[in-house]
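Consider the two complexes below, in which chain A is the common component and chain B and chain C are the respective partners.
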Partner chain A sequence: MTTRINIGPVHPSTHGVLRLVADIDGDTVVNLEPHIGFLHRGVEKLVETRMYMQSPPYMEKLDYVAPMSYDEAYVATVEQAMGVEVKERAMWVRTALLELQRIASHLLWLGTMANDVGQFFTLFMWCFKDRDLVLRLLEEASGARMFYVNMRIGGLIRDLPPGFEDRAREALDYIEKRVKEYEDFLEKNPLFMERMKGVGVMDRDMAISLGVTGPVLRGSGVSYDVRKDIPYYVYDKLNFEAQVRSEGDCFARYKVRMLELRESIKLVRNALSKMPAGDALGMQVRLILPSAKNREVRVSRELPRGECMMYMVADPQRPYRLSIRSPTFINLAALGEISKGCKTADIFAILGSLDVVMGDADR
Partner chain B sequence: MPTDSLFAIAPIISGYLQLSGTAAAVADTIAYAVAVSILIVAFDYIFGWVERKTIAKIQKRHGPTFAGKYGILQNMADFVKLLSKEHTIPKRADKLLFLTTIPLMLSLSIFLIFLLPFSPTLLETDIGLGLLVIFVLLSFMPLIIFANGFGSGNKFSAISAQRSVIMLLSYEIPLIFVIAAVGVLANGYSISGIIGAQSQWWFVVLMPIGFVVFFVVMLAEMERPPFDIREADNELIAGWLTDVSAPYYTLALFLDYSRMFLGSLLISIIFFGGWSGPFLPPVVWLLLKTFIISFFIMIIRATTVRMRIDRLLRFGWTWLLPLSLLNLILTYLLFIG
Partner chain C sequence: MKIERSGLVQGARDLKTRGYSYLVKITAVDYEKYLEVIYTVRNLSERKDETLEVEIDPADAWVPTVMGEFRAADWYERELFEMFGIQVKGRNVERLLLEKWNGKAAPLRKNFTWNAPYETSDNQ
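Right, the complex of A and B next:
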């Protein structure tokens, strides 16, 4: 006999407004269905009614954990539609900022994931404190703490402030040390390993057929990282590895993100030291003249949560259509599949390891 | 010291008032009840605050700072706020179970604290089978939680109720074996006898395995992390307390700390020599030990992750049970046989 329990949309650990309908038999999950759409704001349609550079703020609210990444993906799509080249220095600055954003996002994920397996807010608080260091850096670079809107066509709204590099290095050194500490804190706890290892296994074929991307895919042994495979900006000039683990369980996904945190720290340092001097400023918004030369464009970006693809049909003045393949939407679809047969408590461990942001899933 | 009378009350105030007979017994009982009640409330209140502050320090926060010096009045403010809130009873709930179980549990845990002696002279009663009585009554707790969980007519509470019974299955038998080993060592189950038997060596030294098992079981009994499986807030919202509204929730919080007090008291009495210690008065020693153990339990809360219910069951049967048996056999062979 199965019992149907309705988890969410108001629940302590559904990461916002996710509703899960679970059929459980005793303590085993027989069937699990995620219901989404509680945060649907119709952004794709909204964008059609706005001029090109009025849309970045909407884009940032999609994934409020890594806003700049979304902003950048959209602006890059517009740039491609316009046929605009990004300035050399702007490419480097954008790379550094995107990686900083990835660090912030992964730190937030780490805290919430630890919470999902029953860690009483300790790691959560620590991670938020460290994330704040990154947010401070991003604030220096863009002027805002959370919703930056600092991407402009061909560059950025402003260059990095003087002394940014030193402060960034200082913060990164500290965070690197802390990441090691967090790893020890969790992995030396047998209870944590028990909760993560062998839970929510998604093998290689399953991961590919479900279409998951990002750390979730790399946790299942597929080496696919947009930064590596379809390099954009200066990722091909920087030295980094796509982190892959083959186990496909919650622990593999956790480990991939932890390793990625380190890779991102390395990437920022690298980008900061190799950064050429020059001009990074983008065009003034009112000067943009949309051309329909390159009407249909598709841009792919590696966001902290996975691959984001933006498909745009450009019109003069405003986009005719913008379609977003958001990483969380696809990754979340895997939840039902991989939680079948696991225990009730594991649903949340798996959900935590998928790293969902509901704004991103619902758009 | 151990007597089998149920009413062996220490002369607390009857000596001052120069009473005798029944009047003395009544006066001392009332005095004792008042003293211990104050102690329990004070402990619950102070520990509510200490826990908030400790966990805040571990998490690099400040914790309560606003109400009173160092936020000492914060719990009072919360208490008043919670009591002033509306009390709702869910439509589906079984009113009788929903309304009686939490007060019943609270009174049960307070009653159990009353059964424990605080010093050689400050004790309500010293039953010959004291420890057994305590653990028999303590094992009712999960059953009352079960009744409450099913009584509130909420699916999360019902799951919590099922978990409560599974937890009972996983730790009750090892607990009994540890108690048996304590009985073997102390040559009886009277609590002052147990403390007396530790005058040379504390039982934590004599049977470390038994201590580990007992500590783990008490954590589970007190619903402290990593065994707060019943009210796992990340999964079951608040477990069996999901539908409990403010005034009853206050009682539940009170219950939580009373149980922690009880558990720490039991640990310090059974394994850390209870009130024995130099220089300071016995009550102070006992409370000091209890305080340190509670503090340790708080640190565990802040630093571990929750165990899964099926793992706890497996842990109970594959580790706790053999270890407790081993402990019993070793104790018998080393100290008796």
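Right, the complex of A and C next:
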């Protein structure tokens, strides 16, 4: 006999407002369905009524853990629609900032995920402290701590301030050391390993058929990383590897993100040292003429949570339609399938390893 | 690649046998005279994307399900119905995806009335 239990929508482990309805038999999950929509703001409809450069603030609020990544994906779509080339230095600065954003996002994920599996608040506090170092760098570069809106057509709102490179290196050296400590803290802990290893296994075929993306897909042995496979900006000039693990369990997804943290640190250092001098400023918003050259544009970006594909049908003044393929939406859709047959408490380990942000799923 | 509605499932199946086994996204655009439903699929080993574009009449808006070919289509097809009012035939949907949404209006259609009164529904 199965019992139906309700979890959420306001629950510390659901990472925002997510409601889970689980049918359980004893302690085993028979069926699980995520109910989304508590954070639905109709962004895709809203942007149809706004001029092109009025929309980045909406985009940033989709994924409030990695706002700059969404901002950049949207601005890149508009750039392609208008046929504007990004300035050389701006490409390097954007790459560095995007990778810093990825570090901030992964650090927040690490803290909350450790909370979900019972490593209460020690790691969470450490990660928040370290994330703040990155946020401070992003604040220097953009002027805001969390919602930046610093992308402009063709470049950025401002160039990096003097001395940014030194401060960034100092922060990255510290974070790199800390990442090692976190790994030791978690992986030498048998309780953590017990909760993660062999839990929520999703093999390669299942991952492909469920359409999951980003670190979740790479945790199941599929090597697909937009930065590597369809390089944009200067990713093809930088030396890094797409991180892949073949086990497909929660631990593999955890490990992929930990390795990505290191790769991102490497990428930022690399980008900062190779960055050419020059002008990185984009067009001022009031100077942008409404002129969409390409009617249909598709842009793929590797966000911290996975691949985001923006599909825009462009009108001269505003988007006729903007369709956002958000990574959390499709990763969350897979939660029910992955959780089948696991224990009730493992739902949260799996949910934590998917790294969901509800604003991104609901749009 | 443009395709007729009647050939959609076969088209999806053909793509899948050619290695396009990863569904990226199903979305739609309302061009007022017709609705265009766009299926983006990917060949992961060759890193190539392919699209299937189906034009349908807004008054007779339905598409056949591709759940048999791509399991990932599940939530996207439900989104199609909720946002565009496009019925997906050949599958059961027990409840709407977005909690408290009544599913009566189609917000991403161009003729959507912004300020119409709205009642929430309690769909389990």
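We take it that the second predicted complex is superposed on the first by the 362 of 363 C-alpha atoms of A that agree within 3 Å, B and C clash if a C-alpha of one lies under 4 Å from a C-alpha of the other, contacts with A are read in each partner's own complex, and residues count from 1 in each chain.
The rule is short, and it goes like this: a residue touches a chain if its C-beta (ideal position, glycine included) is under 8 Å from a C-beta of that chain, and two chains touch if they have at least 3 such contacts.
Predicted model, so just to flag it, every value in this text is computed and none were measured.
**Student:** Specify the outcome, clash or fit, for chain B and chain C once both structures are aligned onto chain A.
**Tutor:** fit
**Student:** Does the superposition put A:D71 against chain B (first), chain C (second), both, or neither?
**Tutor:** After superposing on A, A:D71 lies clear of both chain B and chain C.
**Student:** Looking at A:N115 after the superposition, I want to know if it touches chain B, chain C, both of them or none. Which is it: first, second, both, neither?
**Tutor:** After superposing on A, A:N115 lies in contact with chain B but is clear of chain C.
**Student:** In the overlay, answer first, second, both or neither for which of chain B and chain C A:E79 touches.
**Tutor:** Neither partner.
**Student:** Please indicate which partner A:D249 is in contact with in the superposed arrangement: first for chain B, second for chain C, both, or neither.
**Tutor:** A:D249: touches no partner chain.
**Student:** Pick one for A:I5: touches chain B only (first), chain C only (second), both, or neither.
**Tutor:** First partner only, chain B.
**Student:** For the overlaid structures, how many degrees, to the nearest 10, lie between chain B and chain C at the C-alpha centre of chain A?
**Tutor:** 110
**Student:** After superposing the two complexes, find the smallest distance in angstrom between C-alpha atoms of chain B and C-alpha atoms of chain C.
**Tutor:** Result, nearest C-alpha distance in the overlay: 17 Å.
**Student:** Would you tell me the residues on chain A in contact with chain B in one complex that are also in contact with chain C in the other?
**Tutor:** Common interface on chain A, chain B vs chain C: nothing in common.
**Student:** Spell out the residues on chain A that touch chain C in their complex, using ranges where they run on.
**Tutor:** 9, 19, 21, 35-38, 40, 42, 44-45, 208-211, 222, 224, 229-230, 298, 307, 309, 311, 313, 320-321, 323, 325, 329-330, 333, 337, 362
**Student:** Along chain B, where are the residues that touch chain A in the complex?
**Tutor:** Contact set of chain B toward chain A: 55, 58-61, 155-156, 158-159, 162, 225-226, 228-229, 232-235, 237, 301-311.
**Student:** Where on chain C is chain A touching in the complex?
**Tutor:** Chain C residues touching chain A: 21-25, 27, 29-30, 38, 40, 44, 47, 49, 70-72, 74-75, 83, 97-101, 107-108, 112, 124.
**Student:** Which residues, counting only chain A, touch chain B once they are in their complex?
**Tutor:** Touch list, chain A to chain B: 3, 5-6, 11-13, 24, 26-27, 114-122, 124-126, 129, 185-186, 189, 191-192, 194-195, 343-348.
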